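In the two assemblies presented below, subunit A is common to both, partnered first by subunit B and then by subunit C.
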Partner chain A sequence: MKLYGKYFAMHLKSLMEYKTSFFLTCIGQFLVSFNVFLGMYFMLRRFSTVQGFTYNEVLLCFGITLMEFSLAESVARGFDTFDSMIRQGEFDRVLVRPRNEILQVLGSRIEFSRIGRILQAVVMFVYGFSVSKVHWTFGKILAVVLMLIGGTVIFTGIFLVYAALCFFTIEGLEFINIFTDGAREYGKYPVSIYGKRMLQLCTFVIPYALIQYYPLLYLLDRGKPYYPLLPLAACLFFLPCFLLWKLGVKHYTSAGS
Partner chain B sequence: MKKYIAFFRLRFSMGLQYRTAAFAGIITQFAWGSMEILMFRAFYQTAPNSFPMTFQSTCAYVWMQQAFLALFMAWMMENEIFDTIVSGNIAYELCRPIHIYDMWFARSLATRGAKAVLRCFPILLVAAFLPAPYGLMPPADPIAFGLFLLTLVTGLGVTVAFCMLIYMASFFAISPSGIRIVATSIVEFLSGATIPLPFFPDRLREVLELLPFASMQNVPLRIYSGDLTGAPMQRAIMIQFFWLFALIAMGKLLDAAAMKKITVQGG
Partner chain C sequence: MITLEHVCKTYQVSKRDAGFSSALKALFHREYEYIHALDDVSFTIQDGEMVGYIGPNGAGKSSTIKILSGILTPERGVCLINGLVPWKNRIEHVRNIGVVFGQRSQLWWDVPIADSFELLKEIYRIDDSLYRRNLEELCAMLQLSDLLKTPARQLSLGQRMRCEIAASLLHSPSLLFLDEPTIGLDAVSKLAVRDFILKLNQEKKTTVILTTHDMQDIEALTSRIILIGKGSILLDGNIEDIRQDYPSTEEALAAFYRSHDL
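Presenting the complex of A and B:
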């Protein structure tokens, strides 16, 4: 953990050499996810509800999902450039050091420009909460906390799968974006609106619904009492991801020169 | 002119080489398209009367958008061009007896064109065979289809001309990534990539339709889906041509200014 802190400080210092560009990039990141919000806003202004969810409820859902994603992203986006790390043989260097390899990969790149997006997430999160007409109880606050934990774990797991697959393909796989950026983009609405099949898929295969739809129902007083505990079950998803990574590390043969 | 056509052909055939990447892209775009349609379906089921287009034309819009994504996405800019500007390799380009602006223009057209050609057919084919409201309907009539193709090309021209402005602007900044990301996210929203323009509130839409961003993907996609016909369509096409020439003129001006001021550092 101390090591991660050091990586963090190092990246921050190097970045502050290019301040203007940094702030513009932050604004850009902010705008990118703001687009998603505006899209949702205009849609719901026209239709006022979607499959029984009002604007305020969708907003709450959007805020929480974006927060989950941003938390995971700020930890795990280092995996994003993992394919070039393998291609250039830098991963060899990681393996010979007596530290955890995941930690080193994550530390190799920390993107502060994501602050724009995190800021956006915080704003949306707070805004979503302030306009939601939820009666807050201890159970519901616990549900939100568990949602955030579960969401971060799942998204981190998917980033890990992306990196693990690089061991086998050497190239980054674009279609994993569906499960990260796509989930963020379409996770603004509760999963159920996409139809029953999609809900089943997101419950049993990749458990997005467990961190988004079911606990959300609980927050809106429509769910069963065990719904807030489902994010914990979603954390199990991390296990196969981690195993895949381990398998990848074992399988790894250096590609660098 | 001949040399730029040669550039175009060179880049085009280079772009056609990336078939695996195209395959991955097709899968991704297919998934995005499906999610987009499922989302619109949810709204459609909730309140069919507030839907500004027919559901079928919305589906056609989405599929066409995914098929020709590479033509219109402003963020698909060429990193190599930015790299030459930042690293100073631009000096070599300047030694050649060509115009930078024209060469890059030809090059961007070629890259986008090649990407789109590789990707569009499988998507169009699968989308055409999907069951009725969700699939891609055949074009309404041959004239509309001809106009669709025409505006597709002008729309591509407007998009590239806009990207050229960003390339040119990065001559004046040390690190271009900031300008780039701000500009592209604005384009993305105002051009109807996030949600189609008819879904915007009417007042706002009327203003947006005059801006260059609406002349990118909005016009051809809506002509194909049958949402834009008659007099508004003619007006939209005129606006498209206006912006194409205006943006190119602006780009050329910026180009001239940049060439005067350019200093290449390093030896």
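Presenting the complex of A and C:
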């Protein structure tokens, strides 16, 4: 953990060298998500509800998903750009150091500019909360915290799968974006609106629903009392991702030089 | 001590002809070629030795270094370094080695060198007193004192290489791999680097394994060379063994390569 802090400080120092670039990227990130926000606003002004969810509730949902995704992206950016690390042989360097590989890869990239998007997510979230008249209880606060943790873990897991696949092939891995960027976009709405099949898939295979749909129901006083704990179950998803990564490291063949 | 016995490493390389139609064909049916990067390689290196590991491009030098440093796992063969198998006891093993890749930097591009060093201190868990002592010593030997506050991107190649070498030695490893440490350096920097490596080997008794294409490096530094070609060891001995009557080592080596059809 102390080492990660050190990496964090290093990235911050590097960042100071390019302040303008950093601020522009942040603003860009903010505006892109803001655009999506506007899109939803106009659509729901027309239709007012989506399968029983009001505009404000959808906002809440999107705010949380976006926050989870952005957090994961800031932390796990090293996995997201892992193909270039393999291509340039930088992973060799990781292997000749007496520390855990995952920690080093995580430390290799920390994306501060995602703060723009996180900010946008927080704004949406807070707005969604204040207008959808949710009454705070201890259970609900717990639900939100666990949602954020579980969501970050799941998205990090998917990034880890991407990185693990880089050990086998570097080409054609764009399809993974369906599960990351795609999930972020689809995650705007509660998973249930995509149908029952999709909900099952997102409950048992890639447990998006456990970090989004079910706890959300709880927040809106429509769920069962154990729903806030479901994000913890979602964290199990990380295990197979981790095993795949381990397999990948074994398979590593380095790049010529 | 380093022992390598009958080590083999094969790469699978996908192959296709140029052009769109063959690219399309490769989509459905891929042809692979197997390249024997290392074919039954064996040698022993004692503690405190300095060995030049030479051979033409693609001979298997880097593969050997990568196996020795725990990056790659060979298919067959035994490799023991101070009683450890590099790819099995990776973390324990790499605590004791330093690696300099001449073509790749381990310094952070945008932050002062001193910060990069501090990070390494954390990575290797070097304790304060040892770190301070090593840093002082390395600064004196490599003349780094003025460079520590400069970001890596503003250093010249020679300055950066000196910092790279220092970075690999902060944790006082007993074994140092240098993969083309003098590549692209000017005469002054080359001499400085050579001087340092020699001193390190003599004073600290650090085992050094050096790959290079620069024969002057070899002449200046090592008495023992291991020559590899097409994945097999062709010569393990003295530079004089191939020098014979040729006017320079360079030419002797070229003739040697040619005679072995490398």
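As a convention for this text, the second predicted complex is superposed on the first by the 254 of 257 C-alpha atoms of A that agree within 3 Å, B and C clash if a C-alpha of one lies under 4 Å from a C-alpha of the other, contacts with A are read in each partner's own complex, and residues count from 1 in each chain.
Criterion: a residue touches a chain if its C-beta (ideal position, glycine included) is under 8 Å from a C-beta of that chain, and two chains touch if they have at least 3 such contacts.
These figures come from a predicted structure and were not determined experimentally.
Touched residues of subunit A were counted for both subunit B and subunit C, and B has more of them.
By the document's definition of touching, of the two partners only subunit B reaches A:189; subunit C does not. Applying the stated contact rule after C-alpha superposition, one finds that A:137 touches neither subunit B nor subunit C. Touch criterion met: A:98 reaches subunit C, while subunit B stays clear of it.
By the touch criterion defined above, A:14 lies against subunit C but remains apart from subunit B after alignment on the C-alpha atoms of chain A. Contacts of A:84 after superposition: neither subunit B nor subunit C is touched. Once the two complexes are overlaid on the shared chain, A:49 sits against subunit B while remaining clear of subunit C. In the superposition on chain A, contact is made by A:24 with subunit B only, not with subunit C. According to the touch criterion, the shared surface of subunit A, contacted by subunit B in one complex and subunit C in the other, consists of residues 18.
Those residues of subunit C whose C-beta lies close enough to touch subunit A in the complex are 11, 58, 62, 66, 69-73, 90-92, 94-95, 97, 99, 101, 103-104, 106, 108-111, 115, 118-119, 122-124, 151, 179. Those residues of subunit B lying in contact with subunit A across their complex are 20-21, 24-25, 27-28, 31-32, 35, 38-39, 41-43, 45-47, 50, 52, 173-175, 177-182, 184-186, 188-189, 194-195, 199-201. For subunit A in complex with subunit C, the touching residues are 2-3, 6-7, 10, 13-14, 17-18, 88-90, 92-93, 95-99, 104, 250, 252-254, 256-257. Residues of subunit A that touch subunit B in their complex: 18, 20-25, 27-29, 31-32, 34-36, 38-39, 42-43, 45-52, 171, 173-175, 177-178, 182, 185-186, 189, 193-195, 198.
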